[in-house]
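Sharing a structure, written as structure tokens. Questions coming.
Every chain is named by a letter (A, B, C, D and E) in the order it is written, and numbering of its residues begins at 1.
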């Protein structure tokens, strides 16, 4: 079975390193994938603030296309937390609110698309833990991440409110994956505390404070880097570090996608994993 | 009620221990629901003779609801299993005779599930209302003076 | 004193009931000796005009077999009703609708389409249908009209007595004739057959266990039935428990299960669902999945339980037909 | 004694009575219309409506009409038959007709209370009355079978509810079997230090009752035992009790603890169940010093002898009375009882199910029951309130409603947590002087002296923050939070989010039905609510009865309740059981099946239907026959009988067909 | 507060909108709104609540009471970062995040959001952009947002923008999806069909 990769807008832009590393990891683990053809934006959080039905229709179009491409039970991989949440949420709404569901399926029908209720939306961590398994991961780690102390940061929308593959407050899937790759992960209570999402771009002072709290606590718990599973989390935590330092005086901490760490453990080059795109060099981790 | 919408008639057969009690609980809890269902109390869903179902349909019911204890909870151990066997075969037979699936329904409703009584009744009334009257083909009667009515279909 | 006049007529039927009269064999001579047969189109050359010529009530008794589906059958039934003092619904079709009654599972148009369009050997590109009237050069030709549904006899005319069976067993026919001649008929409306189920006279009754433990029904072609053991105990759907006795179980003697031609017992409101209840009850299965498996080989419950009685059932016919 | 009424052949003369039930029915149903309609039905001689049919004058009305109008059938349209069928049958009987010439139409629970529209309610009432009238004409005169009641009582569960019920029954001279699955009676109450709001010592009021149970000549106490099977019916239950092996002969052990001291484990090594793991015990142990019976037991899961077979059995050697028996096995005991009191109690909510409060993750987070043990003078710390690291807390947060009032856990209020949280707040403050913060949604103190207790706590300077705590974490923002647990909550009265650093968090866990309530329920053939609490027959009028006659409920197995309510209910359950037994007999509902042998073809279809083996095949007559003493009246055989030969009294085919015709005859 | 005059803090029933709560509950599929017991778990769980003028709990209370004007102009609804912490923590299963979305939609519809407050502008621009191209293009989106809100702030972001450009994390090219009008899966056809299928004006059906 081929996983249908739904990149979403960010993995083609600010989150390019996520796409590069994740697909490299999938290849290295021999997980077959194909990009969803002609996908569109999931709608993200902003869309729901304007028109809810259109937001879910946008998301549902992707699921309809995936169904066309991969059949009734196609498996869509949504690495971006926002995409993952929105696609899941659209499925829930279509199922739970039949009147909205009917409008959406009718609208898709107008463009000759059929909504696929059985298409599965999955996060790559779900695939890595449940389809691959930590034993296989550990076996594949040719350059294990020994000596690295990573704080796994899951962010909010990956586990809340729809994910069923991990705990909503204290998730462990990323920790298990990175531990299988040889890293040490630090236990910290802020794994799912929000990074502020788009607030960092809109109401900067609020966003900076939220990210400062996360960076400070990760460092306090002895982490030498943070691993994320969401392009917006990575962007907020990493690209604003200069500003955060300017306001709060904190020192710097590299923030990588979990897939970049995995790629390193699998022996892939930093360039292939997009690590050079980061503002805070990995070397900053001492 | 008299606004011209079709008001289906539904006969319900509820077992004394679970579903009838649940319907009482719905009452005690003042859970308002559609008034179209009239309950006939049986001691156990195992008492339900499929003839009761077709008799109700023939006599003007647009739907029949059967309520029993959840499997494993029968007050008489396994009466509801028997009800399920008969119901399964009856449903197939009724389907062959053009009677829509929604019209005859079996639900396991425990004594504590007053809310389920409410939900199931409202749901079923809406479904049967959407289907419209049952509309069984009328049974013909002989012209002329009424002679002996054969006992097999005396009504 | 003149011999009582007797008539025989067939409506929608297979002719088996006529055979049953012939099966009286030597006894038929006794019948002929005792009564005056004034109408029997199947065996003797009588015409409708002969009946019309009779005075009302002239015939003492008329045995009518077959169900009623056409305008001709209806007219004849009504005519015979006028001419006969007693009408005996003879055989399953007249009694409860019989095999022809299963056509009530389909609409009239469905039946016609099956015969005139869909049948394998039919070529009918114009979609022709039988006409009730046709202007031929020789004059107008008429055909009886096919009714929407099949009716049992007492749904078109009042009936005094019923002789169940497909066809009625010789024993019952003889008994009925005797009762007519001796004037020992039971009250009108009676079924001239024993008031008990077939199990009571089944040759295998002693082999039936108190608890059947089959988990799935089987069909006769799927097993080689033990010729001595109760067929239900072998998982075959035998309607003996819910069917009126009187036939001495020839089918079971022939190692085939009872299919219910004897019709319903007193106290039965609806033969099919009554038989269904008994049959489904004894199946050893408790959860939905195993019940579905157990009932898989009853693929046509309407056909199985209403084989001879759909027009007599509370449901009468498929909805909308 | 049942009175026989007119013969079947007599003309049916029906009286119909429509009850207003105050405004319960009349407020929704046009009773005058229904009465008028009833009067028009065939066979109805008189139809009346009345304010309260179940009242004395209401019943008298029926009896007067029976006399004056020669009624021989009665229909009452009022509440549920489960509520007042017995009342009206009795009224009919006292009026001189057979009590089963009666039918009830339920126009309250099934109509007026559940129907929004008045016209619809009236129409539905007409239909139900028509059905009852249609059916009652075909009713037959029946007699109840009278069966003697077994005089003994089984009490299941040895917490305060079971103890109180058992003592009450035993004091009245009944023989009581008290079965408790733990090695000692006492239940949860035995773990408490003080009880609210009086702050009297739990042990001081409980342990005397425990020893009374042990000594009472009328009580047979089986601890470490479970009910394995129950059969029979009201007044005549057969019960099998399984006594689990404690590997100590109960009659020989005097509780001297010499074996415990002699055990090869020099120190306690295994989590002590009684103290929720806050203390350690040995494989051979006394559950707690006041355990009743005062008999030790051996835990085979930890005992070296059972695990390896290589123990030198120091315990056995140490016992002067040779009470230790490693070969003990399960023992099954059969008893016959007339009534059963189920008092199986509750289990505390598992705090790990609310991960945001950090139980099991942060050592400073405790459940309320653990704190009960900490404050208890006979507890693992001797009543010293110290944290797991030995520190005395300076600030304590008590989080209410853990596992209560939450759709994700339990929707209901556990009723006791506010009060015990106040009690613990008082005790902890008294012993440590710590600052105490209560995080609550609503303070619920409705009980005698309860609000006064709350007032006292307010005076003592305990902090009350009206807001459900969102999380307990150990990440810090300010220097004073360092090394502390931080509770984050919105103080809703202020409208601000607060972070409060504390040393100890107490989770006020709610009460839940026992994990095996579902199995226990099946054992006794009683019902459970959604949440697993045993369902009482009527929430107000039959709060200790169940839908199975002869089985009564006591204590928290029926729903969360505090000690005073538990004891009151236990007394009530005991009284109900006594009333049943002292009457000496029960009258069985005559809804049994029977077979018309004329119609029976001997097809045996019915025989396999019966779960009670009440039907047998009579070979000579080639018919089936029902043993009405064994028949419980489900009617499953009747529905299966293809000859209409099997019928059920009160539910014959004809009666049900008449009722169906009746409900459908409305306009 | 003008000279000598105390602000009035009483609400007359006539000042409130009695239908507001039902409208919001319906559009958020939030019948649970009426189940709220004001326990404050949402505010306690919310990482952004310290910055809100009204805690989420108060938003719900005021929505239920009909304080439409106050609720729609509050910063709270625009500060909600959609992290769903409140929603999963709520003991009464109120979908607080969805209630916030419903309030945002309502505020945009009624045009009462703070004009220079960038969040609603971002949402609207994002919406338009995706409708046109099918994709979100981060750079043009941000430029538009800053142009419409605070042009000086954009200058402050220039350094970061340059770095993103240099690391290949933003581009100038507009991404768009291939499906064009009339083709299978065409986005405009779909969105036009959504509009056609919309219930008659006045918000959600029923």
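The definition used in the following text is that contacts are C-beta pairs under 8 Å (C-beta built on N, C-alpha and C of every residue); 3 or more make two chains touch, one makes a residue touch a chain.
Values in this document were obtained by computation on a predicted structure and should not be read as measured data.
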item	value
Neighbouring chains common to subunit A and subunit D, by label	E
Minimum number of chain-to-chain touching steps separating subunit B from subunit E	2
Chain separated most widely from subunit B, comparing mean CA positions	A
Central chain (distance from its CA mean to the mean of all protein CA atoms)	B
Remotest chain, subunit E as reference, centres from CA atoms	C
Mean-CA-position distance for subunit C and subunit A (Å)	72
Distance between the centres, which are taken as Cα means, of subunit D and subunit C, whole angstrom	58
Distance between chain centroids, defined by C-alpha means - subunit B, subunit D (Å)	32
Sequence positions of subunit D contacting 2 or more other chains	356, 609, 636, 639-640, 653, 657
Shared-contact residues (touching 2 or more other chains) in subunit B	49, 51, 55, 78, 82, 86
In subunit A, residues with contacts to at least two other chains	none
Pairs of chains satisfying the touch condition	A-D, A-E, B-C, B-D, C-D, D-E
Touching residues (chain side subunit B, partner subunit C) in the complex	49-51, 53-55, 57-58, 71, 78, 81-82, 84-86, 88-90, 92-94, 96-99, 134-154
Complex contacts: residues of subunit D adjacent to subunit A	355-356, 361, 473-475, 477
In the complex with subunit E, residue positions of subunit D that touch it	356, 401, 405-408, 441-442, 466-471, 488-492, 495-497
Subunit D residues touching subunit B - in the complex, by the definition given at the top	80-83, 106, 108-111, 113-117, 119-121, 123-124, 127-128, 131, 522, 525, 527-530, 535, 539, 547-548, 591, 609, 611, 632-636, 638-640, 648, 651, 653, 656-657, 659-661, 663-664
Residue numbers on subunit A that touch subunit E, as the complex places them	9-10, 12-17, 38-41, 43-54, 57-58, 61, 64-65, 85, 93, 96-97, 99, 102-104, 106-113, 156-157, 160-161, 168, 192-194, 196-199, 201-203, 206, 210, 239-240, 276-279
